[in-house]
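Which chain is which? They are A, B and C, in the order written, and residues in each are numbered from 1.
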Amino acid sequence: MMLVVEDIDTYYGKSHVLQGVSLKVMESEIVALLGRNGAGKSTLVKSIIGRQPASIGDIYFCGNNITNLASHRIARLGIGALNQGRSIFPTLTTLENIMIGYKNRHNQQWDLDNILGIFPALAGRLNHLGWQLSGGEQQMVAIARALMTNPKMLVLDEPSEGLAPLILNEIGKTISLMCQLGISVMLVEQNVPFALQLVDRVYVMNKGRISFDGHTNMLKENTALLHRYLGI
Amino acid sequence: MVERLDTMYQRLLSRKILVAVIIVVLAVAAPHIANTYTISLLIEVLIFSIFAMSLNLLVGYTGLPSFGHAAFFGLGAYIIAYISGVNDLTLSFTNNILLTLPIVIIGTGIIALIVGSLALRTDGIYFLMITLAFAQMLFSVAMRWSAVTGGSDGLIGIPRPEIDLGVWKYSFESRTAFYYFVVTTFVAIYFGLHNIIHSPFGLALKGIKSNQMRMQALGYKTLHYKIGVFVLAGVIAGIAGMLLAQFYWHASPENLYWTMSGQALIMVILGGVGTLIGPVIGATLMRLLPNITSTYTNNWQSYMGIMLIVFVLCAPNGIMGILLKKLKNNQ
Amino acid sequence: MISNKPKTDFTHPIIQSYSRRKILKLAGAGALAYTSSLAAACSNQSSSSTRDVPIKIGVLLPYSGIYATLGDSISAGLEMYLDQLGYRAGGRNVQIVAEDTEMKPDIAQQKARKLIEQDKVDLVAGIVSTGVLYGLREYFHNNKKLLICANAGGNKISRDMKSPYIWRSSFSNWQPNWPLGLWAYNNVGNKVFMSAPDYGAGHNMVDAFAHSFQSAGGTILGKQFTPFPSMGDPAPFITEIRKSNPSMVFCFYSGSAAVAFVKAYDEFGLSKDIPLVCSGFAVEEDVLPAQGSAALGAISGLHWALLLDNETNRKFIDAYKDRTNVDANVFAVQGYDTGRIISHILDEVQGDTSATSRMLESLQDVSFSSPRGPFKLDPKSQNPTQHIYVREVKEIGGKLHNVVIEDLGEFTDPGNNSLG
């Protein structure tokens, strides 16, 4: 078991955002977390990566209780997170953006060469500043940087946002590749079709609770649910 | 394509080497071709450049808006005054740079570590206020505790440094010798900073400036990096303060005053935030302009103010920003 | 208004044409005789070029910041004296090059170097604050350049920090206050509370007064040192004074702090019962108009008073008022006497400013009648020997002035810390 979220409650001040949320991610598995805007997806991500710790319940990662760890500690345990939006450093070059993830840890699995093997498009852009890259390139850089930290699991918050279909396809391939490399992925998405073609298991959130939990096919058949919680 | 890049790089490199050689020759020859006053100005410019470069580490590279950097500048001046100064208040214990420099570095380093550990738990305007408050506190201690600090008169009788190896001794007492001492220190710090900025540590600082949370998500304990750079900047400012005190033979409470912090900040903004050479340009302008204009006007500060506003509005990256843009357009 | 004073080049407008006439004159036989004596003094300099080039006097004063008024007054006094000489001394034209120290030691350092090394001034005068003076001490000492200090009163420069190259035309902080302490014990009261700003001059003045006052048998009930440069709300300090119930209060303040303190002293009703004795700067002509009737009756000690009755002073105050439209103050007097000392030096060396040792020697026998009375430079402390006057603020012709009530005689700085 990679990640276990056990019945957590998270508050923003007095507002009770997450109410008894539970979720699991297995080794080398891609899991989608779907839901409309404001369903609590981002808050759940923040609770997992230590930005907004849960006040009740526990979160385990590879057997460690990470509920109240500082976010840099969680990152060091092997959760690579990409925030919503373009999570690159706009004033650093592509090369710097990638290498900033490289921290000389023991058994470093990634270096620039094999990163560029996955993202050959970045090779010619290494000296460009982050903000000069296209949306798709930025997303690739962000994933490349996350890989440099030797993650066991990636949490991707809306990677599809604002990307053209062709590029979306590329990103989708990359995500599948992660899974083949043994990295679990938790894909947080509003783009339901994009997510459903990639994953085996789905969680659907609504108003701070998990309202569906099951295989992709089960969700696809459940049109009422798709309509009610995802607007499809 | 790759070949073209290579030759371009070669040409750029050879041009860089040429510029460096010219600068080195000029720097070495300066005392023999320029008059003593020019050398004085040069010494001052170099000392303030070191000070501004150290502040730029915080403001330009890490995005920490310190408004109390004079605290470390003044601290360096008072520490050297206290250990080497010859007067009735000080210890006059040694003037050997092999001892005094480490003491100044350790002294300012420890204070910077304490202040940094507290102040860096805050952000933005709060950090600015805490650094300002700390500097003003030191200033008022320097003014009030006259039995130790000499109060408003400051501490006098600070000698120029010397190197004492027991068997061999050399004093940087003459202006030319002291000039070379300052040039050497400047060059060492400049290249030291150059290496730091291009190291993983420097990259982490840039990352923190850009987005601190993102750095944490990558596993960086950003507080430690910020404390590290705060101590480094404090120590370098302390060395600059030490040099100024040795140059003037005097440590004054004004070295700690907020206007001194402000001056350094203006140097950084004017020259170009986040470039290595920018603060040097800023320091040169800030120290030379008043010297030239004050002969014609008493209002140079107002002109300076107007210039600064124009810069902030029209060229937020300072003079270096303008130069770099031009360079890029030419290519 | 003196504040409209020009910044730098004080070459008198007349001087430009004047010097041209002088050059013509130089060709004359009389001038030739003069140059031959100069040629001996400076062999490697062409004597005629020495005669053509004006002597440059560097002036370092604050023309901005809280002490700008002091800088302006000293400047005006100095210019007035040189103007009276037609900007001529030692057989040469004299020119002033002034720089603003902004009251900052680092700026003052830079400006001093500029004056001496770039503008090649022959000597420097000025300096209002002791911090700046101490900061410049090593520079002048190490470079063997003459500095005439026209105000800053830090005792040390007459004592352990003395340099053969730094002489003072003004006073030492000890000077007006030690005689005043003795006089106050005999004439005002035997229990004193003391108040001064917490910086060098404040401590110097309090120590001097306390020394003579205690030696005579007086009791010091307490000392308070208030924040400098701005004391903030004076109320708690006034309350502390009242609580100690003294028979008199001694204070030293200057500028806006002097106005704040003296006004609060009156508003809290202390001036009715407890006599206020102060260092003269606290009620000098520059602050009296702002203090108004609150200052009435304040007793002070200083080396000058506007209404001091001697011929030099009468001429001085009239000429100063004509020139600047404001009453003279003690700083203007110091500037004026600085001009006089400089012209004395230049006359003694016949305009040969390269003869530093002879210039220094000539300072030993400076003696003249100043607006402050008989004035001498003391070779031992390199500070003036001058009369100290006890003055009282009185209303004369609808205006407040310091009226001399006693001349305490001649005083010289002791040259060491034995008397406070």
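Side notes on the structure shown:
Throughout what follows, a residue touches a chain if its C-beta (ideal position, glycine included) is under 8 Å from a C-beta of that chain, and two chains touch if they have at least 3 such contacts.
Since this is a predicted model, take the numbers as computed values, not measurements.
Taking the mean of each chain's C-alpha atoms, the chain closest to the overall C-alpha centroid is B.
Relative to subunit A, the most remote chain by averaged C-alpha coordinates is C. Taking the mean of the C-alpha atoms as each chain's centre, subunit B and subunit C sit 37 Å apart. If you average the CA atoms of subunit A and of subunit B, the two centres end up 43 Å from each other. Per-chain Cα centroids separate subunit A from subunit C by 76 Å. Multi-chain contact residues of subunit A (touching two or more other chains) are absent.
The set of subunit C residues that touch two or more partner chains is empty. Of all residues in subunit B, those touching subunit C in their complex are 35-37, 40-41, 44, 87-88, 140, 143-144, 146, 150-154, 156-157, 244, 248-250, 252-255, 259, 287, 290-291, 294-298, 301. Interface residues of subunit B facing subunit A in the complex, by the touch rule stated above, are 200, 203-204, 206-207, 209-211, 213-222.
Subunit A meets subunit B in the complex at residues 49, 51, 70-72, 75-76, 80-81, 83, 87, 89-92, 96, 99-104, 145-146, 149. Subunit C meets subunit B in the complex at residues 7-8, 63-64, 99-100, 104-107, 109-111, 113-114, 116-118, 129-131, 134-135, 137-139, 142, 154, 156, 160-161, 198-200, 203, 227-228.
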